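Two complexes are shown next, each including chain A; its partner changes from chain B in the first to chain C in the second.
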Partner chain A sequence: MKWLQRHVRPEQVRELSLLLLLVVAVVFFGSLIDGYYTSRTFNRIASSVIIIMVAAVGQTLVVLTRNIDLSVGSLIGCAAYVTGHELGLHPGMHPLVAVLIAMALGAAAGVINGALVTLGRVPSIIVTLGTLAIYRGILVDYSGAKTITTDTLPAWLLNLPQATLATIGNLDLREMVVLALAIVALFQFATTRMNFGRLFYAIGSNPDAAHLVGLPTRRIVFAAFVLSGALAGLAGFMTLARFGTITVDNGRGVELQVVAAVVVGGVNIFGGSGTVVGAMLGAVMIGTLEQSLFRLQINEFWRDALMGLLILLAVASDAVILSRMRALWARTELKLIAKPAPAPASGGAQR
Partner chain B sequence: MTGPTDPIFELRNIAKRFGATQALEDVSIALHAGEVHALLGENGAGKSTLIKIMTGIHRPDRGQIRLAGRDIVIGSAAEAQRHGIAAIYQEPLLFPDLNVAENIFISHQDRGLLTGWGQMFRRADSILAALGVELDVRSPARGLTLAAQQSVEIAKAISLNVRVLIMDEPTASLSAHEVAQLFKLVRDLRDRGVAILFVSHRLEEVFEIADKVTVFRDGRLISTRPRAEATPQRAIADMVGREMGLLQPRPGAKRGERILAVRGLGRGGVFQGVEFDIHRGEVLGFAGLVGAGRTDVGLALFGIEPATEGSIAVDGEEVSLRSPRQAMARGIAYLSEDRRQLGLSLPMSIAANITLPVLARYLNRLGLIRAEMERATAETYRKRLAIRASSVEVLVAKLSGGNQQKVMLSKWLNTHPRLLILDEPTRGIDVGAKAEVHAMIRELAEEGIAILLISSDLPEVLAMSDRVLVMREGRQVAILDRDSADQETVMTAAMGQEAAAHAPAEAPA
Partner chain C sequence: MRNVALTGAVLAALALMPQAASAQEIKPGQAENMVLLPKFLGIAVFDQAHKGAEEAAAELKNPTKLQFLGPTPENSVAGQIEIVTNATTQGVNAIMISNNAGDQIGPAVKAAHDKGITVVSWDSPIPSSEGEDVFVAQVDFKETGKVMADMALKILGDAGGKFAVLSASPDAANQNAWIAAMKDALKDAKYSKLDLVETVYGNDQSELSYNQAVALVDKHPDLKLIMAPTTVGIAAAAKAMQDEKLCDKVKVSGLGLPAEMVAYTMNGCAPAFALWSFVDLGYLSYYTAYALATHAIKPEEGAKFHAGRMGDYTITKDPTRAKGLRILMGPFSVYDKSNVEAAAK
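What follows is the complex of A and B.
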């Protein structure tokens, strides 16, 4: 136990507790729903979850720096629509170019968000609430309220969601799922093993200290918004591939699911702690709940309310578990590092 | 000059101005390698400004900065660090979510692309071991004691190979044992050839650790003496200066009946053992250094941070003051030192601010505000205190500091207090407004209001008070009558040199 406590920190076990919660949820729904443990369930959850997951990775970076990006819902819609529109005009376009268009569009919007937050010194919740509406407004104007339909899109795109990289038993490992997992792995690596990534934690943990010790605070916050935008763009591309039909309303409200995934995943909304893997698990958790409640044929409105309740439960239990563990760790630490008893009370050299 | 070498870090003829305040004027100071240079001065003497210039947070208006014989410009905190200049503050600047090792190395600008956790843990371990500090480098900085946090800061400075280390009141919140440990580290750094600027309010510590002592007063450098030539008495004399300024002493008041009796008052770990009486028409001054616990006593009497021990009696009846509402019901008013945060609603009008604490008096039967009556009250105070504003409808945010102060005073006078606690009532206001506040204090005392005056402006406390209570590190160390209170006695008591004080009047039991 002592060895364990010296080498494993409560913050690292956080993801494990979320994983445990996920298993409980799956077992619970499995007992209620016939034929729950099938590859169909897995594939359905996976294909719906990856969009939220990719955007949640970007959101995690932003939230770590003690900011928030609410504009992702509109960014996903814009990226999906514009990319779909361009593909309709140039059906011969290379798939990679299409992905780049989506991501560049998102990144450009992220540049605007980041500039307003870092240079304009406007709180990010206000900036992105504004740009959420503005980007949607621009989309409505650009599209003339027309809808992108599958018949204008190239076949490779429509087949992409079914494209399978490998099959393990009954489970298909879809290319898009692999892409999403690769992104999670990449950013998990960057935020835990790269010095650039560690700065996101430092800045969110104590912004004043970050400034006083000369960390590039603004550049990092700016980078967080640009990356969040680019990843939202990619999520937009995934949305386009998954649905094929894109209205100007596409992606509306997704920002809340993305933020929910990040928070359920244990990323502190006040910055400084949480992991990309945690956010991924948060997204999986939300996707699982949503699909399962749908399978239970629960009325849409109740579904939302239940989701909200479950999110609150997840966050609350996470907080309780974490503080309990911190207390436990602190107690044993006192024993581990026995210090000489301090001299009489505080108060310097007095009589 | 004692050192055989040239200074490693030198500031020449530095001047810095903030608005109307000349924070530093023509200051020259030289730090030598392997030397601890102490910097003393009262609150507002310009020490913090000097530190901020050294660490690149402020740029001087005039003057030269030289490092190892070359002129340099320190444009940012990162640049200061690149030059090997680092600062440790009273409150360490750690990242609570990062572990100890990462806190030590986070600001290394040459860390490369990848985080070498293993190597980082090993290096952090060896630096801390060399310092004789036992800490788990993998645990997050959250929850470390202040002393442990400072060890981390020192380890950080060592890892950065600093040449100049500035320590801004590092001992202010440490216990005696922790101070001893810190001093061991400081000597260790000095022996490695680091130039250390040590800022502290505690004279005995300064004389224990310093090789040189420099005193600032009112933004000017008054003296720099080698340790051998410096004495606590001379340092205090340099700090307070000789002249009393233009303050007219208030004529002594005839004591009325006792309003408040405080016995053994304390709040866990913040202050303790405070005892005094205050009478009608009396001004009781509270002197002491910043952080001595004076404001905390004020907050306890007004019920904002209620006391946890001792008793408070109003008119001989013991009371429990657990909220400002209860305190106000007993006729106590508190003028906060923090005008912007606690004192005033800046986006509201003068009239609205003045009537806020007693708004119930201004409501009609329907519960709506009687604007006429509100305006009339505000108008009375505007005339009485000469608040310079075109009307009482002007927003408080638009007023100058002095006029804001008068609005706040009006607000509390309108509660018809019997005991008025004034916390730094003249901080940051100009000389004219200051004189008006002083006149007001005189007038109110004559009307029979008891006044508790907390101020860091020592000449002000001495001129206005009938008696002066001195606090140091959360304890009451003296109550001096106006005849026995002078600048040096008070400063001596406030800084913990009571052995040298000639008149330690009624000290607490």
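What follows is the complex of A and C.
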């Protein structure tokens, strides 16, 4: 038990249990749906989940600081539409420029969110609920009711969702999936190993203490919103590549899936705990559920209800199970600190 | 006294005559505050209808500017009710609505009608027809069902096979009526090999429609055709089949806009689809509402009027609803490789 407590953190238990749940879900759906265990299912879930995954990484940063960004759904729609529109006007545009347009647009919207939260001192849930509606309204006006259609988009973009880096058996490792995983890895590294990243946790676990010890609280919260915006912009670019047909309706309701992914992935909605990898697993869980429920052709109201139930379970289990585990862990740590002298000796003897 | 009675009789005869004999000319230049209300903003077809209505407004020299008001996509039902209620409070003269709220719009429309506001539905009617003066039908709804059944037969051939319907929202009165009409048409022996396996809903949202299309082919491996009576759904389904490299196996058809479908028709994913002109629909709706609001015609069976460049139209009973009147526009244009490129420009 002590060994377990010393080497495994409660968050990791959380992620392991989520992984287990994922396996249970796959086995469950496999027994209900014919031909579920095929490469097609894998590729389908993989390419549908990455959009939520990328936005969920940004959302994790925001939630860690005890805030929330509800505007991502509209941001994804705006980024997809504007980038598609620009690509239609300038078909020769370099792919990297197109990605940068999408991310810059998202980041700019993130600057507005961040400024209103940090300088305006308005609760983030109010700010982003407002900007969710405002960004969508601007898009409806800007679009002039035109739909972005595939025939105006360059071929490289339309082929991007199918572009495959490597094939293992029948499983395609698609470029966009690799990009999403790379972003998860980058932010997981930054939030666990870099000073800058640890600040998000510090501010979220105790904002007052963080402020008192002189941490740049406002700057970090601001950065979280800008990064969330930029990543939502990237998710918008991925949406454009995947769906091709972009109406002003694009990305509607995605913010709920993104928040759900983050919460189901074990990121505490009150800030300070959870990981980027957890949010990734949460996104995979939600993507798997969604795609599988589609296959079963479950009524969409039930689909939404099931999603809601999952969120409730995740938050409840976080409150009940994890807080007990944390308390247990903390007590043992205190014991270890209380008698430091014999610990190394006996520990050494055992090893 | 005798004089008055005679004048009255002459006047009555004069008033009756033009309606019975020839189409009523509409007097232009009258100030009528009119609202064009689409299902929601941001969809190409409704923008085209707006263009047509503006064209009619310019021809009729209505000094009051046309109001094009619509809800945002996520708020369609509640938004439509709110806009109708606000327009009633403001006391506009006419409301032209493409109903996306089923019969939930009923009380709001009835309140407008009771206040003397002309209510014309277009594109999608009010199912109970309560509070509505007349419905401007783009095409005959029975015919829509038959056109869809015919396209399915043409694509699937004599061998037939399984096909599925990808519709908009379960509340959309027009889509539901077309699907019902198609099911009716399918009863004919000539379509006996066509097997409609399922109807799913993409809520006129590209991503949801795309995912639904993909789920359909996963669920029915021997599916041969997806019929989508919605412009958003058909484009999303065609893109999904193209991405899945299934265009040889699963065809897409339904109601689509040439500009959005041209690429898929040329590469064979969507060999045939149909639609009518939404510009004309907006134009005719405006003429109808203006004629009713200026009392040039009455909302009753047999009333005839002249709608500018589109010619004469007569109000008839609506055969697709229990009660209610309609003006039938028509016709259908069916698009395939031979004509889609010209229409897309």
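Here is the rule we go by: the second predicted complex is superposed on the first by the 313 of 351 C-alpha atoms of A that agree within 3 Å, B and C clash if a C-alpha of one lies under 4 Å from a C-alpha of the other, contacts with A are read in each partner's own complex, and residues count from 1 in each chain.
In the analysis below, a contact is a pair of C-beta atoms (placed from the backbone, for glycine too) under 8 Å apart; a residue touches a chain by one contact, two chains touch by 3 or more.
Keep in mind that what you see is a predicted model, and the values were worked out from it rather than measured.
Contact with neither chain B nor chain C is seen for A:Ser39 once the two complexes are overlaid on the shared chain. Residue contacts after overlaying the shared chain place A:Thr217 against neither chain B nor chain C.
Of the two partner chains placed around the shared chain by superposition, chain C is the only one that A:Arg295 touches, whereas chain B remains out of contact.
When the shared chain is aligned, chain C comes close enough to touch A:Thr150, but chain B does not. Of the two partner chains placed by superposition, only chain B is touched by A:Phe196; chain C is not. Once the two complexes are laid over each other on the shared chain, residue contacts for A:Asn206 go to chain B alone; chain C is not touched. Contacts of A:Gly272 after superposition on the shared chain: chain B is touched, whereas chain C is not. In the superposed model, A:Asp249 makes contact with chain C only, not with chain B.
Considering their complex, residues 55-57, 76-81, 93-99, 102, 106-107, 111-115, 117, 134-136, 138-140, 143, 171, 173-180, 202, 204-205, 269, 473-475, 496 of chain B touch chain A. Residues 35, 40-41, 44, 48, 136-137, 139-140, 143-147, 149-151, 161-162, 239, 242-253, 290-291, 294-295, 297, 300 of chain A touch chain C in their complex.
Chain C meets chain A in the complex at residues 40-44, 46-47, 50, 72-74, 198, 200-201, 204-207, 210-212, 214-215, 218-219, 221, 232, 235-236, 239, 243, 259-260, 262-263.
Residues of chain A touching chain B in their complex: 6-7, 9, 11, 192-199, 201-202, 204-206, 208-216, 268, 272-273, 326, 329-330, 333, 336-337, 339-340, 342-350.
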